[in-house]
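Here subunit A shows up in two complexes: once beside subunit B, once beside subunit C.
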Partner chain A sequence: MSDDPLITPRAARGRAPDVFHPGAWVPMKEYPQREPVDFVVIGTGAGGGPLIARLAEYGYSVIGFDAGPYFRPLEDFASDEASQSQLFWTDERLVDGANPLKMGANNSGRAVGGSTVHYAMVSLRFRPEWFRSRTLLGYGTDWPLDWREMWRYYAQAEHDLSIAGPVSYPWGPKRPRYPYRAHEINGAAEVLARGAEAMGYKWAETPLATVSAPRGDSPSCVYRGFCRVGCSTNAKQSQLVTYIPRALAAGAEIRDLAMVGRIEVDAAGRACGVHYHRNGAWHFQAARNVIVAGYAIETPRLLLNSATDRFRDGLANSSGLVGRYLMTQSNQAVYGVMDEMVRWNKGPPSLTITEHWNYDDRKDFHGGYCWMAQGPLPVEWSAAMSGSRKLWGAPLREKMADYNHQVGLKMVGEMLPHPDNRVSLANEKDRYGLPVARVTYSWHDNDKAMIQHALGEMQRSLELVGAKDIWRQENDTNHLAGTARMGNDRKSSVVNADCRSWDIPNLWICDGSVFPTTGGVNPSLTITAIALRTADRIQMLQQTGQLNF
Partner chain B sequence: MTERNRYPGYDVMAKRHSLSWNDATRKVMDARLGVPREPRFLRQMEWDTLVAICERIIPQPQNRPPIPLAAYIDQKLQNDARNGFRNAALPPQREAWKKGLAAFEAEACLRYEHSFHNLKERQQDELLHRAETGQSDASVWSGMDASLFFSEHVMSDIIAAYYAHPTSWNEIGFGGPAGPRGYVRMQNGRRDPWEPVEAGPGDETRVRRENQRVR
Partner chain C sequence: MVNTRTPTGAPRNALALLGSLTGAALVGALYSRSQPTVAHSPTKTPVPDFAKANLAARRLNRAAGTLALSVLFDSALEHYRGQFRNRAMYTPLVTAAMALGVSAHGTMDQRQMPHVVRDTVYVLTAIAGLAGTGFHLFNVRRKAGGVSWQNLFYGAPVGAPMAIGLSGLLGYLSERVRETPSGQTPMVWGLPAGRVVGIASGLGMAGTTGEAGLLHFRGGFHDPFMYLPVTMPPVTALVLGRTALGPAGTERRATRWWLRATAILGLSGSAFHAIGVGRDMGGWRNWEQNILNGPPIPAPPAFTGLALAGLAALSLLENHPDD
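Up next, the complex of A and B:
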């Protein structure tokens, strides 16, 4: 049988890969398909991973499904951008609208562990006011979650992921110290710090999910710099090396290379299992509860593809909001060239940050943004140069030769929710015969105003440190959110604060798609904090007889 | 074409057996360097046009073996390896490339009465610029947006293939694969012994010697 993890499932026959030891296995419990398990979780990323682990640790029977392979990072991961695109979701998605999104590397994953296997590890908390942005800041919509409760779950997530961060974080309310010391900063990160200080702004070492000292079987980060195409040493605290091993140890089953194509609903209108494609055939797994954690594209796609006579517009969609209010984050950048050698590819790409404009409200647009230091690898860098500067031919090769002198600042900015930015179904089918997602996106005036503000600020910062040949990358976006927003009532949201769908009481959605607004920081830590809370809520509801299974 | 070599003597492949490479990296790099040099997906005529386009998008120096860019595009199409998203105004990539290559050829014949690959570089560049700026002859593009095809495929695919090749890493002084060893000296201006040295004016000989020791 092939040992290619992209062809043959590895989690099978009572065992799953031991990601920490080449060739080794850990035992895995397996559940029969016909007997309903307590929970099926679809997706094993920042939302699914912690849920699978915590629910299994509470004693529930849980199966985690992932469409992607079960990688062994120590053996499978090359130091190579091109071949490591094996980590991205590369099945077709159609993009349109005034500002079609670029998908793939930035915002998708197809692996056990989801996109945390290749994310940049940036682990930030929301500004507390963002949970009530309508009431306190006058834009977007309020979340049904209280920031003080989230603060506790952030701390739990930071502990579980051994976040390496500064001794004291300069923005927001007091938080406990980070579990691991901050990483040493590289040349590119130092340029951010000098620029911020010249502007009178605070800066900090970015809290990162890669360990600065050994932790269990994870060695200290060696500053290899290929983080965004997968960590081959297991220093990165992805779901694959944190919650998923915990889940297996607690009795959960993982099914890799298992694409869920449809959620089945019984005559009583309750979810009763999932149809999934694995080993070349469709199968059915019975379940008492179904939790969808496929992120902002696959989650609404699955709900829409699961339509029945009773739920003609898709599951959990009586509000008509499944797929609506898709948000990305603005990810524009300003780059420049320093006289000295910087070698910006050494170490994690975003070692320093300023959240100044997330916490300063003296601006003429809504929402906030941060910016971080940059260190793209050559393929990604050439795509930025050619895509934004329209360079090709000899001028491109000439500019590329400045690679080791480059520095850059890149924003993560809050785009506002709009109903017309959405995921819907296209007529085209994928390799499983399922309609593919159509992703429609247009920037609005507030988004554009924020981008111009940020570009101006980042440019000024680079000018103040003496960078030359400065230019703006105006077109990039990254993380996703929305499409199944949480809220306080069934008319204006898809799920409640517990990530439980209003329409189908045993159907849950727990990933970035529940975000009503997206904030000006990377979303993964917030997704994980919500998942940890959801697991606790499920346990509480079950213990108080409010789940009925 | 003569150009200043900023990293003389540096060959990232010399690190192949060092701690900066693991088995997975050696395997994928061997496959990359061993790419078949003949078309498997494209027909000969399409291939000839593609080779000519690649030479204009990334003109390569004469004093080293060229990176076989067209071979990587053909391989991508042969494997139908996609990017994960597609502008809804474009057909799937195989169809897009076939249509696009046919359109460049047709426009070359229409304007210059020669095949694209037989045109002068200046003429090829002009046709490429016309596509880039949306001024192509719509009649030969059979409904496909030339400018979108140029940015999403001609530029993206060819340039990505170039900078995925170790020869290009030598040019820009990129350290290349870095696992499991990683890097040690993180501060500005500091170099690990397995990173290349950049030559300034007049010190090429010394730098070449140093770069030949980079392992």
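Up next, the complex of A and C:
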């Protein structure tokens, strides 16, 4: 049988890959398909991973499904950008709208561990006011979650992921000390720091999910700089090396290369299992609860694809909001060239950050943004130079020679929720015969105003440190959110604060799609914190007899 | 809940084994043979003995040499890692090597007089330590963010050059003890030498604890054994301080044991660091990189050098009651 993880499932026959030791395995419990398990979790990323682990640790029977392969980072990951595109979800999707999203590297993952296998590890907390942005800041919509409760779950997530962050974080309310110390900053990160100081803004080392000292079987980060195409040393604390091994040890099962195509609903209107495609055939796994954690495209797609006579518009969609309020984050950048050697690809790409404009409200647009130091690898860099700067041939080649002197600042900005930005189903079918997602996206005035503000600020920062040949990358976006928003009532939201759908009491949605607003920071830590909370809530509801299974 | 914080396999076994060995050695130090002392003599009449002064001086040479050895390898490693970008970065290698040489000479030298080369080298070494501290401070201050945790962690280690400075100081004190005329209590700068050495090594111990504390904090105290060098040596420093300021001529068995335990800790620290090197990417097979980026193997014996100096101070105080 092939050992290609993209062809043959690895989690099978009572064992799963031991990601820390080449060729080794860890035992894995397996559940029969016909007997319902307590929880089926669809997706093993920042939302699914913690849920699978925590629910298994609470003693529930849990199966985590992922459409992607079960990688062994020590063996499967090459120091090669092209080869590592195997980590992205590159199945066909239709994109339209005034500003169609570019799907792939920045906003998807297809692997056990989800996109955390290749994310930039930036682990930030929301600004507390964002959980009540409508009431306190006058835009978007309020979350049904209290920031003080979230603060506790952030701390738990930071502990579980051994986040390496600054000794004291300069913005927002007090937070406990990060479990690991911040990494040494590289040349590109120092440029951000000097620029911020010249502007009178605070800066900090970015809290990152890669260890600055050994943890368990993870060695400390060796600053290869290939973080965003998969960490081949296991220093990165992705779901694949943190919650997933915990989940297996606690008795959960992982099914890799298992694409869930449909959630089955019984006559009583309760979810009763999932149809999934694995090893070339469709199977059915019975379940007492189904948790969808497929992120902002695949989650609504699955819910919409699971429509029945009873739920004609898709599951959990009585509000009509499944797929709506899709948000991305603006990810524009300003680049320049320094006289001195910088070597921006050394180390994690975003070692320093300024959250100045997340916490300063003296601006003429809603929402916030931060910016971080950059270190794109050569292929990604040449793609930005050709795609955004329209360089080709000899001029591109000439500019590429400046690679080791390049610096850049890249924003992560809050785009506002809009009902017309959405995920719907196209007529076209994918390789499983399932309708593909149509992703419609347009920037609105507030989004454009923020982007222009950020570009101006980042450019000023680079000018102040003496960067030359400055140019703006104006078209990039990254993280996704929305499409199954949480809220306080069934009319204006898809799930409640516990990520439980209003319509089907044993159907849960727990990933970035529940975000009512997306904030000006990378979302993964917030997704994980919500997942940890959801696991605790499920346990509490079960103990107080409010789940009935 | 499964433990994901401690390593599995060989590193875990090595840590357990080394932890047990260290514990056994610390207990074993309790039962090791004590130096005969004069503390039991019924009268407190000083019985200065030049052989004993010489023994104390040679012990100080040994302490200075241990520190110099630690600094020689540590600075070689760290400055090689820094690619000797500034030529001044060769200085500690030269001074530490010279201090090591004269310390070896002094340890074997049973004569009662100081040696001009030794004396000069030790003074130069002490000055180099002070100058190095200045260089390192300058390096930290000029980085973005100035004196910040980031730069204290990853800039030039501010406390490190004082290790070679202390080596020079201990050597200098050794020469002063050695030149004590027969029948007199060794004196330095008008003070009893035992007290001066005791205070110097106690302060050095406190400073070295600060350095270990800073760097182990940088490592997030990810292994429980990392708390040892920030808990045991401060007690050593306090005990040394108390001894140096307290009554002389009494036998201090607990102090002696604690100093020996600290000396052992410094040596086992190197072994702990070697395990740490093995936990980095590629383990010992990738030693060329991991020796540079992992925990510094030559650093912990600085504690051993200072504990040896403390033991020398203890003998001086026991043998030369001055009050």
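Criterion: the second predicted complex is superposed on the first by the 549 of 549 C-alpha atoms of A that agree within 3 Å, B and C clash if a C-alpha of one lies under 4 Å from a C-alpha of the other, contacts with A are read in each partner's own complex, and residues count from 1 in each chain.
Here is the rule we go by: a residue touches a chain if its C-beta (ideal position, glycine included) is under 8 Å from a C-beta of that chain, and two chains touch if they have at least 3 such contacts.
Please read these numbers as outputs of a predicted model, since none were measured by experiment.
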Which of subunit B and subunit C A:T233 touches, first, second, both or neither: both
Subunit B versus subunit C as contact partner of A:M103, first or second or both or neither: first
Touched partner set for A:H444, first subunit B, second subunit C, both or neither: neither
Which superposed partner A:E184 touches (first subunit B, second subunit C, both, neither): both
Partner chain(s) touched by A:K363 [first = subunit B, second = subunit C, both, neither]: neither
Contacts of A:A249 with subunit B and subunit C, given as first, second, both or neither: second
In the superposition, subunit B vs subunit C on subunit A residues touched: B
First (subunit B), second (subunit C), both or neither touched by A:V222: both
Touching partner for A:A401 - first (subunit B), second (subunit C), both, neither: first
Subunit B and subunit C footprints on subunit A, overlapping residues: 184-185, 190, 222, 233
Residues on subunit A engaged by subunit B in the complex (per definition of touch): 75-83, 85, 88-96, 100-105, 108, 184-187, 190, 221-226, 232-233, 338, 340-343, 345-347, 377-379, 381-383, 386-387, 390, 392-394, 396-398, 400-401, 403-404, 426, 438-439
Contact footprint of subunit A on subunit B as seen in their complex: 1, 3, 6, 20-25, 27-29, 32, 56-59, 81-89, 92, 125, 132, 151, 155-156, 159-160, 162-164, 168-169, 171-184, 186-189, 191, 195, 198
Touching residues on subunit A, where the partner in the complex is subunit C: 20-21, 57, 162, 164, 166-167, 179-182, 184-185, 190, 193-194, 197, 205, 212-217, 219-220, 222, 233, 235, 242, 245-246, 249-250
Of all residues in subunit C, those that touch subunit A in their complex: 1-9, 143-145, 149-150, 153-154, 217-220, 222-223, 276, 279-282, 289, 293
